[in-house]
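Naming follows writing order (A, B, C and D), and every chain is counted from residue 1.
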Amino acid sequence: MKKMNVSEMSEKAANDLLMVRLGQLVVNERYKNGDFKVPIHLALGHEAIAVAVSQTMEPEDQLVLSHRNIHYNLARSGSVKEEIDEYLLKPEGAGGGWLGSMNLSRKSEGVAYTSSILGNNLPVASGMALANKTREKESVVIVVTGDGAMEEGAFYESLTFMKTFGLRVIVIVEDNGWSLASRIHERRCEIDLNQLAKAFGIRHDTMEGNDIARYIETLRDIREWTMDKNEPVIVHVLLTTLGHWTMKTEDYPEGKFINYHAGPAKTVNIGDGPVIENSEADPVFVLKSRLDETEFDKLVKNQLQNLSGELP
Amino acid sequence: MKKMNVSEMSEKAANDLLMVRLGQLVVNERYKNGDFKVPIHLALGHEAIAVAVSQTMEPEDQLVLSHRNIHYNLARSGSVKEEIDEYLLKPEGAGGGWLGSMNLSRKSEGVAYTSSILGNNLPVASGMALANKTREKESVVIVVTGDGAMEEGAFYESLTFMKTFGLRVIVIVEDNGWSLASRIHERRCEIDLNQLAKAFGIRHDTMEGNDIARYIETLRDIREWTMDKNEPVIVHVLLTTLGHWTMKTEDYPEGKFINYHAGPAKTVNIGDGPVIENSEADPVFVLKSRLDETEFDKLVKNQLQNLSGELP
Amino acid sequence: MNYVGFVNQELKKALKDKKGVIVFGQNVGTGSCVSGLSRGIEKETGCRVLNTQNSENTLVGAGFGMMRNGVSSIYIMKQLDFLLLGIDQLVNTYNYIRVFKPSASFTILAVVVDNGYQGMQSSLNNLADFCSIARIPGYAITNRRDAEKIIGAHLVSPGFRIIGLSQRLFGRELIDFEQVISCEADGGWLQYTDGADVTIACFNFSIPQGRGLIEALKDKGKEASLFSINSSSPVEWSPIIANACQTGAIVVIDDIKSVNSPSVDLVARARGEEKIRTITHITRDFSSLDWLRPNADELVLNNKNIIHQALK
Amino acid sequence: MNYVGFVNQELKKALKDKKGVIVFGQNVGTGSCVSGLSRGIEKETGCRVLNTQNSENTLVGAGFGMMRNGVSSIYIMKQLDFLLLGIDQLVNTYNYIRVFKPSASFTILAVVVDNGYQGMQSSLNNLADFCSIARIPGYAITNRRDAEKIIGAHLVSPGFRIIGLSQRLFGRELIDFEQVISCEADGGWLQYTDGADVTIACFNFSIPQGRGLIEALKDKGKEASLFSINSSSPVEWSPIIANACQTGAIVVIDDIKSVNSPSVDLVARARGEEKIRTITHITRDFSSLDWLRPNADELVLNNKNIIHQALK
């Protein structure tokens, strides 16, 4: 793989990706330290799509999130401190101490609504896009859901609604293959999103590989398309939530795979550096392998300096 | 088209089709006469699928219906009198006077549940089929929904459930193109059922043309398949609800098309005979065109004799 | 003029200058326009009327989504029981939106199917439960005076509320009162008559019963103070209690099918007053399952007994 | 032993001989098994445990469908607020099924997320509203005694009910009482202490507050009768009222977030008794929107003031 230098791949993208990763690692350290009363769903491994979405958004665009939202909130605001202050329920937090973790939104940063209830944000995003249409706003609503939430009827109903009214919505399906501790095949049949989209005549794209530069390019193309066509788009993003561990139990003497769902990621330590897994599943590993090592290290160092005040 | 004689095409099918039509026409006459307090949704034009379903059912099979259910209830019970008695809320009615029209079921006739709420019967049918599976019953659940009810999220959720648990369910989608007074294109985008089924890997069949003999053959094949594969099937039935009329208003001096939804079909009269429309949209017209005229007339006469006591 | 005609006229009056308001729901723009309720709105007010799919959950969410983006809307529902499918949005999305004190308006205008004979699944009149679960303002409209007050004050004002209409009253001659003696600023209750002998408080849609009781009292030479309690939640009862302290007798009439109702709160309050000698609380009979049968579904008062008990 | 451990043990005890019962829900058979609630059920009881998709509407309907076909089941819900999505089935399907007096059992066992900090959308503790809307039996479990009584009597008995568990209590040491002095046959209420000075009635999940009040009373040399009101609907209050007539003082504690609650009914009843000198009704504070913020979400009593008022 050809190495790029930072300016080739967009310094902002690289920096934001590292900020979202390192910001989460800082939150994780504070979490392990017992600093938070609110339950937090970290999104380690989800950084590439979040940063790409954020960088694709134009000023009037709006983002609608779910319970796992830290990556988008960090990408939008750039402020790890305000995120942590919100988790500490301080008035100076990103939500004024009113929203905590699972409902954290921030209209000023383009995060218009965040729901802790599976599927709940899709109808709301539909209504927001309809409002934009009637007010002739030049903007897109981007709503984030997952392979668990798409099991709710609201997903299907909202696709119908968005297509019917010709709404500019990008539906991001973050597919990490898990809902709580259940893998997809442990809870349901496969639902082929591409085929499902075809049933409505909705455009469907798949993104995987965590290449931030390519993600931004693809999403910008999709945004242009939805603006042009007045049509919704489904973007199926295959990703891995990092932070799993193995637990030895009576039944599993060799150790049982425990996926990360919420709470502190106990096996992840900021001292080990920003890369969690040496594979394509880790967007930071992908970034590192694209960049010259010195450059990568310099970016990391800068970010860590900014964040040092937030560590426990 | 080659004419058949009655025994070639199944006398029972022909007789049942006429009974369901003429039974409804009798109900319609009583309705026009102001005899009922319960609101009734007639299903003129829906007879072929109802009779075919009924004739496909084995003793342990179960039918789950919706607010428009008269055709299935008549096809199952064969008793127009008990249907009318229920509409009159008499204790000797098909539901003991407890169910009226929109919830009319009858476990003894294999009609296990009937819901007046759009989409509501699909989850219940799913649970019934799951119960059958755990009890290792050799039976199928047939659930009837429509192009309006399939807009509810319960439709999508239930398809997932049925496929996941490998349930023997035949989902009949009666597609008359209307929900109340709204045509499909007046209320939503097209939803391609065939594509939707593919998203779940569910078998999908389309039926149209109102040929009762062919409908029975197709449904028997589908029933065998679901029994064999332990899989749900979606059957998309294209049909027309007969009984529309034209209304002249200020805005429509030429007359506006008013589709039949519920209440008496005021332009339909039993005195005009069992055929309502001379087209493939009318299952009785299709039947008539298949049979020798004398035979057809004889069947009609017999049926009318049976029903004469129920006329107003 | 009948009830629905008057409500339709009041809606159009309230929407006259409200350009940009979206009126949406199933069949709002087709056929009979929800039995005449939404007839002429698009033509005569300049509001946009959007006919929608059958997806209550998504439609309620969409209303909140529009609200979040500053667009006011009215969701007209043909049956209150359909709103059961949208309660997640009612509760969870409203609990979020309200924190931000929205400047836009969202009103659900639901027809309470209380005209009987629909069967157990389409005869829910429990406006109070929908309101209780998320502490939502809710109002029942029963006559000319409360229609004017409630539609005028609430149809399009910042915030969210549910307004219930009675299907039973739809085709009936509009109930009117000569005067409004006093009322709560929000339309939580209205007083229509002032009599020295009994205080009557009618909850939910029981004002016809209250009027009947007044007539029966007149026959005995007695005069009553009549209140309609339009709010679906307890309100400031003091003026009603003060009135009852003067008459010494209060009759509380409540036709709701809920277990818990605000009328219990008024009774609790009245029990604390020594000057109120008799408290008669009339509710429906749930001692058997008969309330689930298709029937006239109307609370029938034994006025003779009530008067006897109230005046003893 | 902690609360969830004990409830888990009681579930397994009640399900021991109940072959053929299906236990289903999200994550009931994976990971922590809903924080330990369903742990070991499949292994130790022979019930079938089915892990399901995230589709509450369909899952509630499926429970009723199984019931209709004679199969008993328990739907374990991780959060009561998810049940908002299933209320259509709760109301409409139950209203149908109950008419046929089912021999099978269907129980929804829902965790009431009352441990605070989840945010406004996942902190619904309104068990009473779910029950009120379709007159459904509902029970809150707060301690060893009521857990034994309610699980024993209701978990698998013909009919339908909702049983609520408190998330806040999950990890806490199980609350126990030396004895049950009296109780309603159905477990609608239980009495644990008998004291001459005050009667305390704790609604919903407020028994810890009631215990705290007893301690505070003891410090003042006063003895109280303590009742837990486990039913989510009003029950026969006479024994509680009789007790309050003896003590002359009743303190009603209710931590529910509903507008309407059965506790109002007990207060109304108490107000009618001259022998009850003081009635103290403690509810949550809704005067601002603070109840929507992430917080400890626990009703905090000012025991000093309460005692002062109760004993004056």
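A few comments on the model shown:
Just so we're on the same page, a residue touches a chain if its C-beta (ideal position, glycine included) is under 8 Å from a C-beta of that chain, and two chains touch if they have at least 3 such contacts.
Note that the structure is a prediction, hence the values are computed from the model and not measured.
Looking at chain A and chain D, the chains in contact with each of them are B, C. The chains in contact with chain A as well as with chain C are B, D.
Chain centre most remote from that of chain D: B (centre = mean of CA atoms).
With each centre defined as the average position of its C-alpha atoms, the distance from chain C to chain D rounds to 30 Å. Between chain B and chain C the centroid-to-centroid distance comes to 37 Å (mean Cα coordinates, whole Å). Centroids built from CA atoms put chain B at 47 Å from chain A. The geometric centre of chain B is 44 Å away from that of chain D, both derived from CA atoms. Each of residues 52-53, 55, 57-58, 81, 85, 88, 92, 96, 99, 120-121, 292 in chain D touches at least two other chains. For chain A, the set of residues that touch two or more other chains comprises 98-99, 103, 115-117, 120, 151-154, 157, 160-161, 164, 187-188.
Chain-to-chain contact here is organised exhaustively, every possible pair of chains being in touch.
Interface of chain B with chain A (complex): residues 151-157, 160-161, 163-164, 187-193, 195-196, 198-201.
Touching chain A in their complex are the following residues of chain D: 26-27, 29-32, 51-58, 78, 81-82, 85, 116-122, 292-295. Remark: chain B residues 37-39, 89, 97-103, 115-120, 148-149, 151-153, 179-183, 186-188, 258, 261 touch chain C in the complex. Across the complex, chain A is touched by residues 20, 22, 48, 50, 52-53, 55, 57-71, 88-89, 92-93, 96, 99-100 of chain C. The residues of chain B lying in touch with chain D in their complex are 62, 98-99, 103, 107, 112-113, 115-117, 120, 122-132, 134-135, 153-154, 157-158, 160-161, 164-165.
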